[in-house]
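The next part holds the structures, each set out as structure tokens.
One chain, chain A, links the two complexes that follow: it is found with chain B in the first and with chain C in the second.
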Partner chain A sequence: MDAILLQILNGLDKGSAYALIALGLTLIFGTLGVVNFAHGALFMIGAFCAVVLQKILTLQKVVLDNENLTAWGTPSEIKTPYAEIWFGDFGAKLIDYSVPVSILLAIPVMLIVGFTMERGLIKHFYKRPHADQILVTFGLAIVLQEIVKAFFGANPIPQPAPEALRSSVDIGVMLGFAENAIIYPVWRLIYFVFAALIIGAVFAFLQFTTFGMVVRAGMADRETVGLLGINIDRRFTLMFGLAAAVTGVAGVMYTPILPPNYHMGMDFLVLCFVVVVVGGMGSLPGAVAAGFLLGILESFASMNEIKSILPGIDQIIIYLVAVVILLTRPRGLLGRKGVMEE
Partner chain B sequence: MSDFKLSRRGLLKTGAVAGAGLATPMFFTSAARAYTNEPTGSTVTLGFNVPQSGPYADEGADELRAYQLAVKHLNGEGDGGMMNTFSSKELKGNGILGKKVEYVTGDTQTKSDAARASAKSMIEKDGAVMITGGSSSGVAIAVQGLCQEAGVIFMAGLTHSNDTTGKDKKANGFRHFFNGYMSGAALAPVLANRYGTDRKAYHLTADYTWGWTQQESIAAATEALGWETVNNVLTPLTATDFSSYIAPVLNSGADVLVLNHYGGNMVNSLTNAVQFGLKDKQVNGKNFEIVVPLYSRLMARGAGENVKGILGSTNWHWSLQDEGSQAFVKSFGQEYGFPPSQAAHTVYCQTLLYADACERAGTFNPCGVAEALEGFDFDGLGNGPTHYRAEDHQCFKDVLVVQGKENPTSEFDLLEVVEVTPRAQVEYAPDHPMFAGGALGECNPGA
Partner chain C sequence: MTNAIFPSKANDRLLMIFFIIVVLAGPIILAPFGAGYPDLLQRFAIFGIFAIGFNILFGLTGYLSFGHAAFLGVGSYSAVWMLKLLSMNVIPAIILGVVISGLFALVIGYVSLRRSGIYFSILTLAFAQMSYNLAYSVFTPITNGETGLQILLDDPRVLDGGTKPGELPLTNLFGIPMNATQKVEFLGMTLQFNFGFYFCAVILILAFYLSLRIFRSPFGLMLRAVKTNQNRLNYTGVNTRPYTLAAFVISGMYAGLAGSLLASMDPLAGAERMQWTASGEVVLMVILGGAGTLLGPVLGAGFIKYFENIFSKINDNVLHSWFAFMPDGLENVMVTLVHPFVGKGWHLTLGLLFMAIVIFLPGGLMEGFNRIWRKITSKRETATSDTSSDAASTPAE
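For the complex of A and B:
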């Protein structure tokens, strides 16, 4: 039982990332009708906002120590971050909390990246076939990741969580299990809560604001909303920016879980497309539900008991579910009738 | 229409010329195409096939730096590096066999097909007489096979699978780097010494040739010292989040986790294992331990503080104090401003070893070079007395057991050497079962 609970937690955690990325993807598809293969790159750029801020905060004053030489004969360097020199303990704290603080940087950066991407490239492909959209956005994703690699290298760059949040908690004891039965990292729990808050905020924004109402109306019938004199295109552009920001902050908060590298967007991209298809193209609740569902299924499939019966199932489970869904319910779990159907 | 008349005098002349041609000793005519890409001008071209894109691009960049340094030294520029400490004194800084060394590079992308394509291009279009490099066993085995067919020497870069000089060994291929068996043989006694002989190990293993052979090697070596292997779970090479593979470890009864992962897999699985509190856990009345059998400093940087205290093995480390290592670190550090990685070290050595073998053989002919390398004993290249075994083309030398440093003084100072395992302890018979199943075959000089 404790093993199952642990895998449910893992699944929810994985599902949080899937759901956040898939939410952004489906927002773009639902509003602009664009299949955005550069969406994984937005997740990666968000993560690298955290890397950039950490690099800025840890810019160091270098003093040469002529008395101690390196192994290759040059004076060794004594490095002290400027943040610590200027701000003392506050500076050290700021460096420690650089990942959550990065959200403040990531939101405006991602909005700008989103607007630029939509206005500069994607809007020219609205009336082109989906295949063209996929090709151009996939190409863009490759260009973006190569740019990041040129600046930051190919190796992962560790982004530790704040020291106070690096430990793990014994959830098992809280739920009445034996000691050490269910131990879970604090930051992963924070990520799950964070994802739930972001998802809730996006839904509230679309549900309870006039702007959101117009966007929803535009998603249902773009032409009629346009005929009412509303500039729906501008709102959809803003939604692209919002989707980019949601994905970007998901990337920022993910960095302590796995050190970011230039390729991390591609690692998530295909999975998140499957999530969107399973949830139902254009369905926001579908994307979220499918994200968590597939995260949990993937975790269960990785259990030794399951793998011993079905070897390799952990590698194909998500695609297997997608095949079954596409065969039996092409519109996806919560998709609108008619979408992806004859 | 023209008439063609052959006079008696003309027939005699033509016959004399043709006869002279046919009578010319074979070595004059065959020398022009005695072997693939025989250098005919004043230069010789080497092909450096390294990952310049893809997940191991940083390792590839470090390999390329080392190759460029080796070429400089071979051509008599710079301080000479390990040429000064190398026990063989054939290299004079005037290129190889008097020919200036030039090079071309290829991008393996850490994909077998791309690596073969770039090696093929360097052989066929650029006239490379030797191919070297790589940062993956899958790639090394693929390129080694291609070089065997093409008739050029392959000096492997970073490849740790037993299969490279085991079931997939080739007469034209040579490996300086150590392998999974040697990691196990070096690491197991240190593990038993530190953590005791009554241990239960849980293995997570990358699901491809390198992972399988390393897991087999480590399990065999640790079991021989009394450890029990509780489980071995194969993880997909494409996995990023290992939490669902780490979670079952918590309640498996194991008190050691062995991560048979490399590169991004290693960084992520180790990060996940530490996040789940495994390093602080107590099981069976003992501290839970994590082991990373193959360490790389470049990869260790990605895992950050998580490497602290974790034991593993490595082919070479820049902190070694022997004359050869110090010469190389000085030369590389002055050129680039930071110390070399183990990947840089092994490819630098391979380049010098190839050049030296050409000098000793007096030819670039792959068969002559192979013969010179087979059974060659040398020293001064940073790993102590080393032997290139003729039977499988594997180098035998001391192996380093390292540990993540608790208090690193710089971003390069991440690992510390805890033991230099003597060569005798990591040697094995050429027909050892873990290396069985292949044959070296005959050397192929190509065209």
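For the complex of A and C:
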């Protein structure tokens, strides 16, 4: 029982990332009808927002200390980040919490990136076939990741979680299991809670605001909403920005779990496309559900007990599930009729 | 009579002769561009075959497979196994590579073709990723995992009796080694005529001829009908599945042929050949050149491989020599400006070029050539004003 619970928990953090990216992907697909292969790149750009902020915060003032010599006989250097010099303890805290603080940077950056992308490129591809959309966004993804690589290099850049959140908690004890049975890193719990909050917020926004209502109406029948005199294009552009922001903050918060590198976007993209298709193209709850489901299944498949029966299953489980679901449920788990079907 | 789908036989013959001459003269034509060395020429031919095969599926039926690299990888693995077990003669290796990848394509195609559109793409992608992941992990006894499968000195090789002491195992065709190269000095350039390249070139020409025949056949017409309106075909009582499956298997066999040729030129096979980025690359080649055209895929394959090999080799020293005619300050500025786009950053150039082509030339390079061709000929036509405009566009098709 505790082993099962542990695997479910293990799957949650990856599942949360899948769910958030797939949510963004589905928002774009559901509103604009565009298949966005650059979505993984948005996740990556979000993650690099955290890198940038950390680099800025840890800009250091170097003072030569002539009293203390290093082993080589040169004066030792005392490095203090400017943030600490200017803000004292608050600055130190700021550096410590640079990852969560980066969300504040990531949201405007991602909104701008999203708007520019939609107005500058995607807009011209509404009426083109899906294959063209896939190809042009694929090209864009290559360009974006190469730009990031040119600035930050090809190696992963580790981002530490805040000091206080680096430990693990013994969840087993809280739930009445034996001690040390289920130990789980705090940051992963936070990531899950964070993902749940974002997903909740997006759904609430679509469900309970007038803006969301118009967007949902537009998703159902764009033409009629346009005929009613509503500027649906502008709202959809906003939704594109929102989707980019959701994906971006997902990337920011994921950095302590996976050190960001320039091709992380591509690695996630393929999986998230599978997630979206399994959930059902255009279905937001489907995307979220499939994200968590596949994340958890993946962690179950990597248990030693299961691997000894079916060797290699952990490598292929996601794709296997996708194949089975696509062949048995043609529209995915929660897909609607008539989406992406010629 | 000429029309868009069935140009006259004479035009096809012209196209074929043109293609044969260009391919066979490859080492001479490409030498001035720095691409005349055997390794790259072989790659042009092999990836040309791969792209021609992919085009038979994508260009004719419109089914976008994102997992074609799996067939290439399977072809490579089977070819290397033949080289290890039978003989260093490449013929059995190529035959087995094509057969096994054809069977593999039959299984995957049978399942994947139950769906169309993006679902088909995802299904093929899923199968290819599964093969890739399995090749890395569970199938290590067959694939040799991350190290990759290679030939060894103590391989049994039943037909030619293994490697004799002091001899290197070289892939060959009835005794002529693939790396045999004839160097000729010509106008200050070294032309390299390589046997391996000519072997690949002959197969490329055969592959091109086959694809031409498929394009002009009733079977090809059926595949085009699938692309145009599959529903309508279904309503008229045609079962399209056998046709699409046949196209899928044929293009899988082309991929296997390319894979086994890769292994024949350089007896190595690694799982990275099956990764989805490799599948993406062949999609890029075909789209870049022009999907659904005959010459386009070969052109696109050459273009991308040229970029990969030549652009990635340009370093700052080369750039300095390019801009040497400028004043020093300007020279440095130019080098800094161009630097991110070449060498390690050639992917950036590729991405930008690719976007530009998809945005402005959805039909690929071939559409660009056709437009230019039409511009030229339409001017001439207004002068003579009686030749039909259709005939003008055919040589480039």
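Rule of thumb we're sticking to: the second predicted complex is superposed on the first by the 323 of 342 C-alpha atoms of A that agree within 3 Å, B and C clash if a C-alpha of one lies under 4 Å from a C-alpha of the other, contacts with A are read in each partner's own complex, and residues count from 1 in each chain.
Simple rule for what comes next: a contact is a pair of C-beta atoms (placed from the backbone, for glycine too) under 8 Å apart; a residue touches a chain by one contact, two chains touch by 3 or more.
Computed from a predicted structure; not experimentally measured.
S.K.: For A:143, decide between first (touching chain B), second (touching chain C), both and neither.
M.R.: second
S.K.: After superposition on the shared chain, which partner residues are touched by A:158: those of chain B (first), chain C (second), both, or neither?
M.R.: Only chain B is touched by A:158; chain C is not.
S.K.: May I ask you to decide whether A:2 touches chain B, chain C, both, or neither, giving the answer as first, second, both or neither?
M.R.: first
S.K.: Looking at the overlay, what does A:274 touch: chain B (first), chain C (second), both, or neither?
M.R.: It touches chain C, and chain B stays clear.
S.K.: Examine A:35 and indicate which partner it touches, taking first as chain B and second as chain C; both and neither are also allowed.
M.R.: Only chain C; A:35 stays clear of chain B.
S.K.: Touching A:330, do we find chain B (first), chain C (second), both, or neither?
M.R.: second
S.K.: Quick check on the superposed pair: does A:298 touch chain B, chain C, both, or neither? Answer first, second, both or neither.
M.R.: So A:298 only meets chain B here.
S.K.: Could you look at A:315 and tell me whether it touches chain B, chain C, both or neither (first, second, both, neither)?
M.R.: It touches chain B and chain C both.
S.K.: Starting from the residues of chain A touching chain B, keep only those that also touch chain C in the other complex, and list them.
M.R.: 146, 149, 315
S.K.: Please give the residue numbers of chain A that touch chain B in the complex, ascending.
M.R.: It is residues 2-3, 6-7, 10-11, 13-14, 70-74, 76-77, 146, 149, 153-158, 160, 166-168, 180-181, 183-185, 187-188, 257-259, 261, 263-264, 267, 298-299, 302-304, 307, 314-315 of chain A that touch chain B.
S.K.: Residue numbers of chain A touching chain C in their complex, please.
M.R.: For chain A paired with chain C, touching residues are 35, 121, 124, 128, 130-132, 134-136, 138-143, 146-147, 149-150, 266, 270, 273-274, 277, 281, 311-312, 315-316, 319-320, 322-323, 326-327, 330, 340-342.
S.K.: Contact residues on chain B for chain A in the complex?
M.R.: So the residues of chain B in touch with chain A come to 53-58, 231, 233, 236, 238, 240-241, 243-245, 247-248, 250-251, 264, 267-268, 271-272, 275-277, 281, 298-299, 301-306, 318-319, 326, 329-334, 337, 339, 410.
S.K.: Which part of chain C faces chain A closely enough to touch in the complex?
M.R.: Residue positions touching the partner: 64, 111, 114-119, 122-123, 125-127, 129-130, 133-134, 136-139, 230-231, 276-277, 280, 283-284, 287, 340, 345, 347-348, 350-352, 354-355, 358-359, 362.
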